[in-house]
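Naming follows writing order (A, B, C, D and E), and every chain is counted from residue 1.
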Amino acid sequence: GGGGNGNGNGGNGNGNGGNGNGMGNASGEVSILHAWGSGDGANALQALKDGFENEDVNITDSVVQGAARSNLVSSIQTRMSSGNPPSTWQAWPGKNLLRFTADQYGDLEGDVWDSDLKDNYLEGPKQQAQVDGKYVAVPLNIHRINNLFYNTSVVEEAGVDPSSFSTPSDVLDAMETVASETDATPHAHANAAWTAGQLWETVLLAQAGQSGYNDYINGEGSRSAVESALEAVDTMIDYTFDDASSIGFPEASTRMQNGEAAFMHQGDWAAGGFGEDFVYGEDWDHVPFPGSEGHYALNMDSFPFPAEAPNPEATKVFLKYCGGTEAQIAFNREKGSIPPRSDADVSQLNEFQQDQYDNFTNSDAQPPSIQHGLAVVPPVLSNFGDAFSDFISNRDVGSTTDALMNAFN
Amino acid sequence: MSSDRPGQSDSGILGRSWSRIGLYAFLLGMVVFYLIPIETGLATSIKRAGDFTGRNPYLPPLPWDATLASWSEGFFSLLDGLINSLVLVVPATILSGLLGSMAAYGLTTISWRGQVGIYSLFVAGIFIPYQAVLVPLTVFWYNIVPIQDWWLESVANGISVFGLFEIPSTFMLLGWELGFQPYHWQLISLIITHTAYGIPICALLFRAHYKKLPDEMVEAARLDGASIRRIYRRIILPLSVPMFAVVFIYQFTQIWNDLLFALILVQNNEAAVVTQQLVDLGASQEGVDYPLRMAGAFIAALPTLLVYVVFGDKFAKGVAA
Amino acid sequence: MRKILRAVKRRIHRRQLRSDGGTTDQRTKFLNRDSVRSAPFWLPPFLLVFLFVYGAIIWNFVISLTNVSNNLSTIDYSNLDFENYAIAFDGGTPSWARFDVGSYISPIWNAAQNTIVLMVAFAVVCLALGLWLAILVDRDIRFENTFRTIYLLPMSLSFVVTAKFWAFMYNREYGLVNALFEAVGAGSVEIIQNSTLLGVESIALGPIAIGSIGIPVKLAAIVFALIWQYSGYAMVVYLAGLRAIPDSHFEAARVDGASTIRMYWRVIIPQLRTATVSALVVLMVFSLKAFDFIYSLYGSYNPGSAADILATRMVREAYQNSRFAFASAIAIVLFVMALSIVAPYLYTQYRRGDL
Amino acid sequence: MAELTLDSITKIFTDDDGSDIVAVDDVNVDIPDGEFLVLVGPSGCGKSTTLRMIAGLETITEGEIRLGGERINEQPPADRDIAMVFQSYALYPHMTVKQNMSFGLEESTEMPDEKISEVVTETATMMGIEDLLDRKPSELSGGQQQRVALGRAIVRDPEVFLMDEPLSNLDAKLRSTMRTELQRLQEDLGVTTVYVTHDQTEAMTMSDRIAILNDGVLQQVGTPLECYHEPNNEFVAGFIGEPSMNFFEMAVEDDQLVTEQFTYPISESVRSEVDGHERVMLGIRPSAISVEVGAMPADDHDFATVVDVVEPMGDEENVYLAFGDERGDSVETFVATVGGMQRLESGQSVVAHIPESAIHLFDTDDGTALKNRDLEDLDERDPHLQ
Amino acid sequence: MAELTLDSITKIFTDDDGSDIVAVDDVNVDIPDGEFLVLVGPSGCGKSTTLRMIAGLETITEGEIRLGGERINEQPPADRDIAMVFQSYALYPHMTVKQNMSFGLEESTEMPDEKISEVVTETATMMGIEDLLDRKPSELSGGQQQRVALGRAIVRDPEVFLMDEPLSNLDAKLRSTMRTELQRLQEDLGVTTVYVTHDQTEAMTMSDRIAILNDGVLQQVGTPLECYHEPNNEFVAGFIGEPSMNFFEMAVEDDQLVTEQFTYPISESVRSEVDGHERVMLGIRPSAISVEVGAMPADDHDFATVVDVVEPMGDEENVYLAFGDERGDSVETFVATVGGMQRLESGQSVVAHIPESAIHLFDTDDGTALKNRDLEDLDERDPHLQ
């Protein structure tokens, strides 16, 4: 997820303990660097740590301050390149891992990726955990990107039925209806580069289908597909709050919960942040983003394993635990996502998550997210981000289309 | 100046008073311009997050609606950062001031061939954009002299070798007692960096001061039998006290306010300074908490504001140099 | 060039005329030399500065000639070239790119242009406002110190704090700026994420549209906030300059029959040249450091191309995109810009014997 | 050309704490057309303030200033047809000499540029600075700057020149050259001039008349010799003349004046002037005292003294004498000026003659002169005339 | 106590373009123990440089300085046993008077603190500043600061005092008081003193002997009266004396000296002194010229002149005279000092008497004196002696 993070409960890093310092010895300190400063992420990590019971391995974690995630990236970047990485860190898997070369990662084959993980992890996540065929990370969860949440009462007041939508243009029509029929804002959207990028990739998937989407992430996208998705996004942004640029997605979400807005496109982590008394199925509901019903657009978090990890054995112990069902449930229950293991006992998750899990298992395809770094290599992601940084302030479809097309140059 | 700026008195009683009124009105208008963002922040910071509606943000809340909740939350959120900033700023300020004064003394009071060349390098150093040295600094502090890591090692091995020498355990314990944390080691790179980048401006300020001291005084001291070192100790240093105030105030503000170096050189959250922490304070799941954000901004600005309010004139002097 | 060198040489010599400071004896000459005896004082700070400032800049330059991206621990210094500069000016896909897609790097012209626009607009407005305020404050007003203190107050704040205040001021919904716009019936507008051009946007000169010359709203907003923070500084410098002009110049001009405006225009303002230059240099340098502000305002390394300046671009390329060598090249460009402002200034200071 | 009248002018400044400072107190002077009036007095006595009121740079609290009979209190400086030369010259440092000199004409007249240029060049030639026209003030010596400042005033062809210590920034030699030059120039131009100085030599040598101010109050207006020989009061007597007049506060006893140190017999006519006073201040100029070596007091007005310190000045000597035969730090001395060749030595006993015709007597309370040296009486007695 | 010898000392500074500035050129002076020598000369003549070489603040390019016969060229300032008083006093502003006075003893001797304190208090009492010991310099008046600076030098009990224009920051009245005081003090202490000034009054009045420098070259060393009446050369003649000596460059023709303006007959004895010179410079002190009104030239040495400008000085007047009957800007004038009561006026025709016994004659090429006024001859003729 994006968003910011306040000061979490992160810094208990003054650990004075860790007796001995055995290399090749499954004990010592495992340090995690992450950006889950607050909210669902912080809770999920805490649950994960709470569930880890090993006398010899001490887990410390620290939150990277600064602007959302970019600081985490630069921090890791610097520490990796100076040979001083943390034991593991919060990272998107997939092509995002290509930030570093395969030999900068340690090999998890065997010790962590044993038959248990290999057998029970879903195929998509397994792919995303490898660099050049080497297992280097442990995926923690699966988020879905292509959701359309809505406030049922607002939608009812406007008289539209989301379950009937089948294309993005249906969504636009519905937003128009909301605008004319109610006082509410049609679209709860925080206009940041990453939310716009995420919306765009969803619309592209919905409009151009799996093949059009794949073409794009392979650098062979069709200009017209890119442009038409962007036009739709442009219009959808018109339906959002005046001050959309000044708010973060949590606030947009809050406004939808308050009935100030009808629809919200967001990853399913947004649902993890809904208030207790905002009840799934009654107060709110969701549909897969119209046009992309058969797809489960993937975002994941993972813990990579650096080659120069301090206390590598202890780290492996921890990572092995993270790959297990118990940890997965503990983590995802808080995070709002679903576990990437087919054998997880999803009944411990909430109703919405269970529905998502069903959707996932029934999905036709699980296209990886561009915005969240799974689908494209880091420089393309950076170009993609730059394109949307400009788009949100100039809203120039033409030039942004160019930029998106050129992102692969 | 106790009289009208000469040549400006407008003639005619009426014309004069009207133009005076206009003048004051304009100056007051500018006061509003300079203060309103700060005032708005202040007013917002004592509103209840729940009551915050965004209407008339500059109006303070009604007394019974005011709350310091955001202030206390902000304070506790930023507490570590405030402490880290202090741990950084105090030594860096003192070191840069002292070294700057020494440099200025060596380059002013004793005159010798080539000192202008060296001094020019000092002055030019004031104007170097930090970006121009960021990458080398990163390499230096992460790969060549990774002070950041040494503490980790020293903690791992109990009290241990710090590259070159033993840290006496009593020293460590004393540090502990004083509230120093092991992660404060990480600030050493930042202290040294800020010191190095602070020296030029300090040297400039001190040199301007020393140039005003009469040569004859130093000569008198030489005739009186004092060595270069003694002259510094007994004559120059005592006479630098007012300038030290100016320099310390200026450096304190500069270093406290810096973000970029900290951003690059402090990668571990425990050691993050307050400006780093402030960047995304108040953004949370529930939306941007403006009262908290403004309170945080104030808390982070408080030391420099205090310095400014108390030592306004000295600050202006440093700034104008 | 020769002339300049000669002048420099002459200056350096003249300095030495001050005093040779006493007893020297051939035998003890070296140890007794003042440069040597004073070395304990100036050498340590000098080494520190030389290492960290000049050493770092030189090193930075060398790095900019390498191919280092990604892994700083193994910089290969054996293969130096100017490729990064070529890319910085022309754009292109570097030979050292690790990926065959997405590695095209766009040139820095946009950021450079924004940097200059920001610098010029900021400096000009600051100076104008500062001068105006200084003249008014100089008119023997009561509470002069209070006014001055307040005007200078923003300068004591961190860029991060200022950014927080102005993010709030510019907020579309809660911000005071928009409240003002609404109060005058202009309606609220997006500010910090608005790259619409202000000013000459719609003007076309014959067939040539010069629309792109305007300053984007978001950049203007940044400039405005910086002006808020630093115009007090310009005022203080000008006030000092005004105070240095003897009363008798004002009086002479009055007796000579000049009106107040003419007096300032012809007699007083021309005498503020040194103040202007020194304020200008410092303001320019501040504006080169505006990174902290932009970063805090946008909460990201990327404010969007309309507000991107070299400082943000450099940090972004280095610490987000890991193109360290390329970022170093941008840093050198930035350094050269700073140098081109500062060097002439230092040189004139030097000529006038103010160093 | 016009007569300048200061009619009971007073200037009161209000201090920061609201208290009043009377800088100029009810000053009356009539300055006829073409006169060179020097305003002199100790620092802070209100000289500059008076001048600035005439220039219009300071408002007038009370009284009236008239130029050619017309009240100018309310006129702005530009309209007064007055030019001023400042102590610091106040040359505009960014303008060339020519621009400096043209500025006033450009600002205050409609004169076309060529005409201005012509007038400026003419004046510069007259002042001998035509070669400097393209230089900046910083490239001129002190004396040249002085000339430019004067030229700038002259070029405007004003009714009145005001000069505020225009020579005080020059060194001694140049000052005396410029003094003569200025004096001659004013004579030639015939412009009414008010000249402020605190240097009594300048006041004495340059003026047609001197006006002496003290504490804002006018003490005396008169020709230099009047002020020197017939001072209105003790202040004027002490202020004018170098070395200063010697003063002794004495009791009047019958026909003699008495102090601890000596007794001075007075004649009947003098006695009558001090009638009704118990104490008077006796004043005697150092040059009026004559000193004899190796003689005994012969006259009533001869006194036995001992030489404390001798300051040879070439053709004159200042001799510090003490009554009686003591000398040292604590003894009060008085000074006599004697011929330079007299070869007096510290510790020598000499007889000092203080002629009665040369003494001045002042009221001890308000300092008013009771008896002055008589101007008529002097010519014959002056030792310098041969 | 020791004799100070400057043996052919030269100081050369190297200028920007590598050219040399000879600040002091081969100066020889012997200063006997206890002498008060005043070093005088125009600005930039090398006075301060000489002093600073003695102090050790400047290296000596050539020559030797000996103190009590011992070469001190290489000794650092601290070891020379010399104390210096600076023009600006150079008091340490952050120290009290007492600390200022103790500093030198603390730094240069092993004296215990109580002893230092005792010595300081003693000296302060002698200087009359014992009440000021706990004040900071900023709380003192100019004269008091002066005394502290002196006290600071005295307390170190040096062999030699050096003083660089120590009085020039004081106002005129205080300067003359301090002058006397300093003189008396030096007499009492008997410490060899070198005193720099550019003020010829100070030089004349204070010194045992004067050393006159010009352009780094020593012109004359002698008592004040020697320098005044028997100047070695034209420079000294012109430098000493106020107003300056009048000079006329004249051709020697038989038994007279001739210029365009006037012809001056000379006696045989004088003629013999200028033998072999075609041109000489005639010098005459203003005070040696007498002026008569309404008379006709009676004597060979009487000249018809016209008064150009009169500067009354109270009991004297400086009269600017022009030969013939022209006056104005272009005419060269000479100055005569006459009694103050003479009431001369611009334009008046007068007769000026230039007595032959009073003239000086100088070589036109190198300025060497050919004939000086004779000191013996003077006493009788001096008009001031009555």
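Operating definition for what follows: a contact is a pair of C-beta atoms (placed from the backbone, for glycine too) under 8 Å apart; a residue touches a chain by one contact, two chains touch by 3 or more.
Model, not experiment: these values are computed from the prediction.
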Touching both chain B and chain D (chains): C, E
Partner chains that chain A and chain C have in common: B
When chain D is superposed on chain E by its C-alpha atoms, the rotation angle in degrees, nearest 5: 175
From chain E, the most remote chain by mean C-alpha position: A
Between B-C and B-E, the pair with more C-beta contacts: B-C
Chain C and chain D, separation of their C-alpha mean positions in angstrom: 57
Distance between the centres, which are taken as Cα means, of chain C and chain B, whole angstrom: 19
Between chain A and chain D, centroid-to-centroid distance (C-alpha), Å: 93
Residues of chain E whose C-beta touches two or more other chains: 56-57, 76-77
For chain A, residues contacting two or more additional chains: 4, 67-68, 78, 81-83, 246
Residue numbers of chain B (touch at least two other chains): 3, 6-7, 138-139, 142-143, 222, 263-264, 279-280, 283
Residue ranges of chain C in contact with chain A within the complex: 70-73, 93, 97-99, 101-104, 167, 170-175, 188, 190, 192-196, 216, 218, 295, 298-307, 319-322
Sites on chain E touched by chain D in the complex: 43, 128, 176, 179-181, 183-184, 201, 204-205, 224-225, 228, 240-243, 285, 287-288, 290, 309, 311-316, 318, 320, 329, 337-343, 346, 378-379, 382-386
Interfacial residue positions of chain D with respect to chain C in the complex: 52, 55-57, 76-79, 82-84, 86-88, 90, 92-95, 103-104, 107-109, 156
Chain C to chain B touching residues, read off their complex: 11-12, 15-16, 18-19, 21-22, 33-35, 37-46, 48-57, 59-60, 63, 72-73, 75, 133, 136-141, 145, 147-161, 164-166, 168-169, 171, 173-176, 179, 228, 232-233, 236-237, 240, 247-248, 250-251, 253-254, 260, 263, 281, 285, 288-289, 291-292, 295-296, 299, 310-311, 314-315, 318-319, 324, 327-328, 330-332, 334-335, 338-339, 341-343, 346, 349-350, 355
Chain B residues touching chain E - in the complex, by the definition given at the top: 214, 216-217, 219-226, 230, 234-235, 238-239, 241
